[in-house]
Each structure stands twice: as C-alpha cells, then as structure tokens.
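Here come two complexes built around chain A, the first alongside chain B, the second alongside chain C.
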Partner chain A sequence: MKKILNTLFVTLPDTYLSLDGDNIVVKQEEAILARYPLHNLEAVCTFGYAGVSPGLMGACASRNIDLTFMTRTGRFLARVIGESRGNVVLRKEQYRISDDDKRSALVARNMIIGKIYNNKWILERATRDYPLRMDTDRMKKVTASLAGAMQQVREVEDLDILRGLEGAAAVQYNSVFDELILQQKKDFYFHGRNKRPPLDNVNALLSFAYTLLSNDMKSALEAVGLDAYVGFLHRDRPGRASLALDVMEELRGVYADRFVLTLINKKLIHGKGFYRKENGAVIMDDDTRKIVLKAWQERKQEKIIHPYLNEKMSWGLVPYSQALLLARHIRGDLDEYPPFLWK
Partner chain B sequence: MQDYNEEDYLLLSGIQHFNFCRRQWALIHIEQQWEENVKTIEGDHLHRKADQPMIREKRGDKLIVRALPIHSRELGVTGICDVVEFVRDPHGVPLAGEEGTYLPFPVEYKRGKPKRNDSDHSQLVAQVMCLEEMLVCDISKGYFYYDEIKHRVEVMITAADRERGRTSLQEMRHYFERNHTPKAKAGPHCQSCSLQHICVPEILNKRSVSSFIESRIAE
Partner chain C sequence: MLILITYDVSTVDREGRKRLAKVAKKCVDHGQRVQNSVFECILDSTQFRRLKYELEELIDKKEDSLRFYNLGDNYKKKVEHMGAKEAYDMESPLIL
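Showing the complex of A and B:
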C-alpha cells in the first residue's frame, strides 16, 4: 500500500498560506511563521479562513494534495479539487448502480454489515478487557442482537428494509455506548446522539471526528476516480457527499468512536476544554481542538493488518483502501464489495 | 487501409507502458490513474531537458529539433518525439525552409541504462513509423539516450519490428475501445511499477468476497 504522509492542520485563524518554490509558507501579517516542503504532505486542512494563494491551490491540485477549508468550529466549508481523476466509465457505472435500488442495496448492505460487525467487536472487546466495569449481561444481549441483525442484513435486497435494520442496530449500540466511557464520567457521558448542535462533550467530539473522517473519505473516493457525492445507501442531496457517508458507515465505530473513547479514557482531554453556549450547544476550545488533531494524525500512522487485503498498512490508509476496493467491485473485478471487518 | 479519427488517437508514450504491463497501461490510459514515484519524477526531470520546443539547433550537417509533435493516421497514434535529428543525406527528403535533403532519426530520452527487455524498443519503432508517414521517407534507425550512462545507443528498425508494432497497437486499440482493464499478471516487474498501490495485483487472486464475509459473520 502507498505511504501515508502528513496532514498539515492550520489552526491559527488569521494565517495566509502561499507557495514559495516547492514549499508551503504560513504567514501572519507578512511575518513568516512556518515553511514546509510540499512533498512531505498529503493533505492541508485549514480552520478559520484567511486565505490560500491561487498558486498554492494549483500546486496542491497538481500534486494530489488535498486542500480543505473548515470553519473554526470544525465544520466543512470547501475543498480544492484538481482535474477530476479516473475513468468516466467507472463513474457512469457508479451512477447506474445508484439509480438502481436493488443494486444499491447489494453494495450498501455490505457497508452496514461492516458497521454492525465492527460495533459488535468494539463491545465484545470492551467486555473482555473490563469485565468488572461493564454490565456484562446487558452487553451480551446487545452483541447477540447485533449478531442476529448482521445475519438479517446479509439477506436484504431492499434499501428501506436495510435502513430500518441499520437504525435498529444503531439504537442497540448507542444504548450501551456510555458503558465504554471509563474515565471522567462527570464530564463525559453519552445519553444519545445529537449533532445540530452537539449538546454534550462526547457528541461534540464525535461530530468533530466524523468530520475529519468524512474529509479523508471524500478525498480517498475522488482519488480512485469515484464521485463522492453519489451514494447507494444515502440518497443524493446537493452538497452531501453521500458515497463518502456510505463507506464511512463501517468506519464510524472502529475509526472515530474508538478514537474519541481513547481521548477520554486516556485523559488526553479534559472537561475544562469545552464550553457551553447559552442554548446548550457545546464547543471545543482551541487547545482541545489542537490536541484532538494531533492525536488524529498520530492515530493515522498506527499500523494494522487489513482484514481482506491481508496487508500491513496504517489506519490512515483504510479509507483509501476501502475506496479502492469499492472501485474494483464497481468495475467488476470483485464479486462483492468487501467491507472493513475489524476485530 | 483505415485511417483513424484524430479524437481516437492513442498516445505513443503508452506503448512502453503497454509492453511493460497491459494493466499498467489500462490504468493510466483508460482509467486515468497516476501516481508519482521516484522513477517517474526522475523521468520528468530528464524530459525537462528534451522538452524545449523553441530550441532548434544546427550543428554542421545536422538539424536538431526538440519536442516535435508527431502522429500517424494509419496507426492512429500521436505523441511527442523528445529529439529528432535531421541529417543531411542525398537519399533524404526536402524539408520546408531548408536547403538540401534530410533524413530524420528520432532520439528518445530514457532514465537509467539500457534494459534487457525491449519494452522501450517498440515506442521508438512507432516514432519511426510516424516520422516516415509524415515526411514520406524511409528511416532505418533511431536512438535511445540513456541518462545514467550519458550515452546514446543506436537501434536498427526492421520490418519485423514494424509488424510487431502494428500488432501491439491493434491490441491496445482493442482494449481501449472496450474500455477494458485487463487483469494483472503479477510478477517481479510489479516491484518497480509506479502504480502498484493503485493496481493491487494480488487482489484478483484472493478468495471471493462472499466467502470472506460469510466466514467473518459466522464467527
């Protein structure tokens, strides 16, 4: 597999990025703060827009460096994409599948199997590792029902039934998610998912991690020549990267949720790093966001064995390898889409 | 003889990819996938020297032209010659704006040193055939300039070479028209392929995805 390079996260709000030779230069009011060679970078992600020179945009596009603009609170704004890569034939086949509910369901169900499978193993691992901290009986019941759901999903050929099963499995998993938080329970608890806006610290972290993951997923899909905005499970909606959301389903738990749990359980972040707005919305402070981004980048470098490819790679390449496998399936090289089944 | 439409010309540079590996060629020329590695960057760097279309040199009885766009309607290919040397020759052909008659010889720049296999060879053959068609002349040879040994190697072009060139171009066109990416024949050459991470040659030898999923969820 290819190498994973660095992502440059620019968190200072009023910095301007420009190109100098083969380097990216970070400026603040004409003062040069930093300079990095482009060949070491895979992505640049800026929070708090000040600007990027057109020269740098072009250099990033031609070198396949993903350039993303986010708001200060970590919401996605825009991405610079070069000439669209890949074969129109591949994209047209993607669109044909997307237009065909049954064919969409056959791909989407494997992603949902991946999601349920991974979530089940998250719970089983936790029960095995911390039997004294968990309500073991309750966990066992949930994992048993997730195992049953997987068998059902395997037979589904209808998108609506699939969405129903997926929703029910998510409710099961969420019902015990709070048990996985083993430290700092006063500040970090989970009583259900909320996102617009996140109403507690854990939801704020989850939303942020999902945004980071969906960025990586979008660029991975575009890199293999797929259209990140045309999905199978998630229907088309302007501005929504439906295919990225589809493939993300199987990675949310194992990639983002576990990442958030590690931050809390290893006490890398603290309740003081969050503040609550008047309406209950929870926002991370700048220092906490920096800690999260640094940890995210480190997580991407950690090595795993890919379950289907049976190849050692870093976590950061998992979105790319799944995008590649999906493209291979759409092209007809693989009999089905192999989801990422982690254990 | 059928003439190809300009829109459907194949790229000359693809011949070398095609002979190296049919799948590599299809990934680049059909699927438009590309990934840089050290070798491709070295190659780019080397071609910067050759890719200077505005430089035209005269040295004695030689006229040296860089980055010359060429094509063949009969073969349906187009591309650029790194360097073409026009040598004054009584058996040559007249050139617009030049006195006397000349014979053209293509010079293809290559990184590294002469290779044992002939994956480069057929690209030069095709260049010769293009030049012959465009200038209406017969060309007996071309050259490779190897960067590592800083030396050029003369290559004689035979009738059998031309025939092989035609055959592989037909095969390329066959895949191209069907938009078909052939499966990989994995081998030691995969190690030096810049697309190994996109191709993932082993993928086609793996067990079926169905049995992978079934066995995992049955655990």
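Showing the complex of A and C:
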C-alpha cells in the first residue's frame, strides 16, 4: 500500500506560493515563511486568497499533488487538476455505469449499506460504552430500524427508492446524534443538519470535516484514474464531484462525524472559538480552524486494519483504498463493490 | 526514512564554488537545511539512491566529500536540537 504523505494547509490569506527548484516556497510580502520539498507532500490546501504561481500549479499537476483553494470559512472554490491518470477504458466503463440507472443502483446500494452499517455501529458502540449517559431505549429503537433499513436496501435495484431509504435512515441517525455529544452540551448541540450556511457550532464543524473528507476523496479517485465528477447515486451537476460524494457516504459517519465528536468530547475545541455572522451563519475563528486541521492530520496518521483488505494502514489511506476497490469493481476484477465496514 | 547529508566542497577555485552551489541546490530540493552544510531529508529508498547518484555526479572526488547518515524511520528519538534555528518536522501537520 502506498505511503501517506503530508498535506500543507495555508490559512494565512496574504501569502503567495511559488516554486523554487523542487521546493514549494511560501512567501508573505517577499519574506520567505517556509520552504518544503514537494516530494514530501501529496496535497496543498489554501484557505483565503493565497496566490499561487503558474509554475507551482504545473509542478503540482505533474506530480499528482492535489492543489485546492477554499474560502476562509472552508467552502470549496477550485482545484488544479492535471492530465487524467489511469486509462480511458476504465473511465468509459464508469460513464456507462453512470448512464445506466440499474447498474448505478447496484453499486450505490453497497455504498449505502456501508453508510447505514457504519452509522448503526457508531450508535451501538456509544450505547455500549456510555449506557448511563444516554437514552438506551431510544438508541436501541433507532439501531433496530437501521438494521431493518439495511435489509431493505440490500434488495433495491432502483435509484429513487434507494435515495428514499437512504434519506429515511439518515433522519433516524440524525435524530439521536445529539446523544453522542457528551461534553460541553451548552455550546455544542445537534438539532438537525443545516448547511450553506451552517447555523450552529456542530453543523459548522460537520460541514468543515465533510469538505476536508471530500477533498481527500476527490484526489483519491483521480489518483486511481476515475472521474470524481461522474457519480452513481448523486446526479451529475456541473462542479459537483458526484462520485466523491457517493463513496464518501460510507465514510461520513466513521471518518467525519466521529472526528467532530472527538474534538468536542475531548474538549479540544471550545464554544468561544465560534462566532455568528449577521445572516446567522456560524464560523470558527482562525485558531479553532488550525486546531481542527492539526487534529485532522493526526487522525489520518492513526493506524487501522482495513476490514476488507485485511491490511494495516493509516486512516488517511482509507479514501484511497476505497477508490482502488471501486476501480477494481468497475474494471470487472471484483463482482461487487466492497464498502468500508468499520469494525 | 530520515537521511542526514553533510558535505565539504573545496572552494579554493571558481570551479569549486560552482560545485558547492550545485550541491547545495540539489540538497535544498530534497530536504531541509538545518545548518550551513547539513541537510535533513525524508526520502524513500528509491529517492535516496537517486539523490546519492546525482550528488556523486556533481562533486569532484579528489577535492570534495559527502557523508550520508541513515537515521531510519524512527529518527525522532535520535535527533536533539539546541540553540537557534529550530527545524520543522516534515511529518507532523503543516499548517501556516
């Protein structure tokens, strides 16, 4: 399995990134802030309006380093993509599946099974670990209904029915998500998902974590030669990385939601680190964003055993390994797409 | 793995100074300058072999010398820093 390399996050808005030899050089008004060799990086992610030289864009594209631009609040703006990797045959097959509703449904339903399975496991694990701190009866009811939903999804061959079941399962899971927040309840609570803009601290964190995960997912898909913008479950829309969103479904819970819960429950972040704009949007301040990014990077280094590949790897490689398995399925080497079922 | 590279390039003539600049540039491309002619590079074994070969091509073996110290993957325990110019850790989160 490949090695996970580092990601450089640039959160200072008045910086300029350029290329010098094989180094990325970060400048702030002509003063050099930092210099890193490119071969140690796999992604560069900028927040705010950091400028980048065309030379560096080219170097990143040719070395398959993912260069992403986001707003200060973490909303995705653009990314630099080089020549498509992998082979055309694989991508054409991907497009064929995407055009065929039934074949799309067969792949997408495995992803949804993965999602429901993982979310159910998150709830079961929490109920087992903290039986006295949550409404166990309510949790048991939800996990039972998730188990039922999983049974139904297994049989579905129609995309719209699949979307309906997925939505219903998400509503169930969201209805008890607040129970999983064990600390700092005054500042962190979950009364339902809202986005664009997020209206409370937890939703702001979730949105940010999903953006980070989708960036990792997009570059993983491109790295194995798939087109991140052509999906099976999510419909095509210009600028939307539908396939990345598809594969992300199974990872949202175990990867992003649990990450957010850890930040809150371990008190790594505090309510003071968030502020509200006039339109109600909740935004984290610069220090909090740095804490979140640091924790995200550290999380990526943690080791797990991949349940399907049975191989020890870091969490950061899970998006890549799922992209690899999906490519193998599309190529015909695997009869079905094996979702990531967390243990 | 972490490779520590140190060099001594003779600068008595113009040719030597040219070689020094080239060697330094090559090292900057691959790692972090921790002291004037000391570099720390995080490389895999392929990258290390290539770098070694490229540096060998640059120097004049009668005048100059190169030394490579392989500190392996668990290098963090083996390096201690004192004084000015604290180095950054290439494998910890890079957030500016």
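Convention: the second predicted complex is superposed on the first by the 343 of 343 C-alpha atoms of A that agree within 3 Å, B and C clash if a C-alpha of one lies under 4 Å from a C-alpha of the other, contacts with A are read in each partner's own complex, and residues count from 1 in each chain.
As a working rule, a residue touches a chain if its C-beta (ideal position, glycine included) is under 8 Å from a C-beta of that chain, and two chains touch if they have at least 3 such contacts.
Treat the numbers as computed from the prediction; the structure is a model and nothing was measured.
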item: Touching partner for A:144 - first (chain B), second (chain C), both, neither; value: neither
item: First (chain B), second (chain C), both or neither touched by A:305; value: neither
item: Which of chain B and chain C A:333 touches, first, second, both or neither; value: first
item: Which of chain B and chain C A:294 touches, first, second, both or neither; value: second
item: Partner chain in contact with A:32 - chain B first, chain C second, else both or neither; value: neither
item: Which superposed partner A:77 touches (first chain B, second chain C, both, neither); value: neither
item: First, second, both or neither for A:268, with chain B first and chain C second; value: neither
item: First, second, both or neither for A:21, with chain B first and chain C second; value: second
item: Superposed model, chain A: greater residue contact from chain B or chain C; value: B
item: Set intersection of chain A contacts, chain C complex versus chain B complex; value: none
item: Residue numbers on chain C that touch chain A, as the complex places them; value: 25, 28-32, 41-44, 47, 88, 90-96
item: Chain A - residues contacting chain C, complex; value: 3, 6-12, 15, 21-23, 26, 33-37, 39-40, 290, 293-294, 296-298
item: Chain B-facing residues of chain A, complex; value: 1-2, 63, 85-87, 89-90, 110, 113, 117, 147, 150-151, 154, 224-225, 307-310, 324-325, 328-329, 331, 333-339, 341
item: Interface residues, chain B side, partner chain A - complex; value: 30-36, 179, 181, 183, 197-198, 200, 202-204, 206, 208-210, 212-214, 216-217
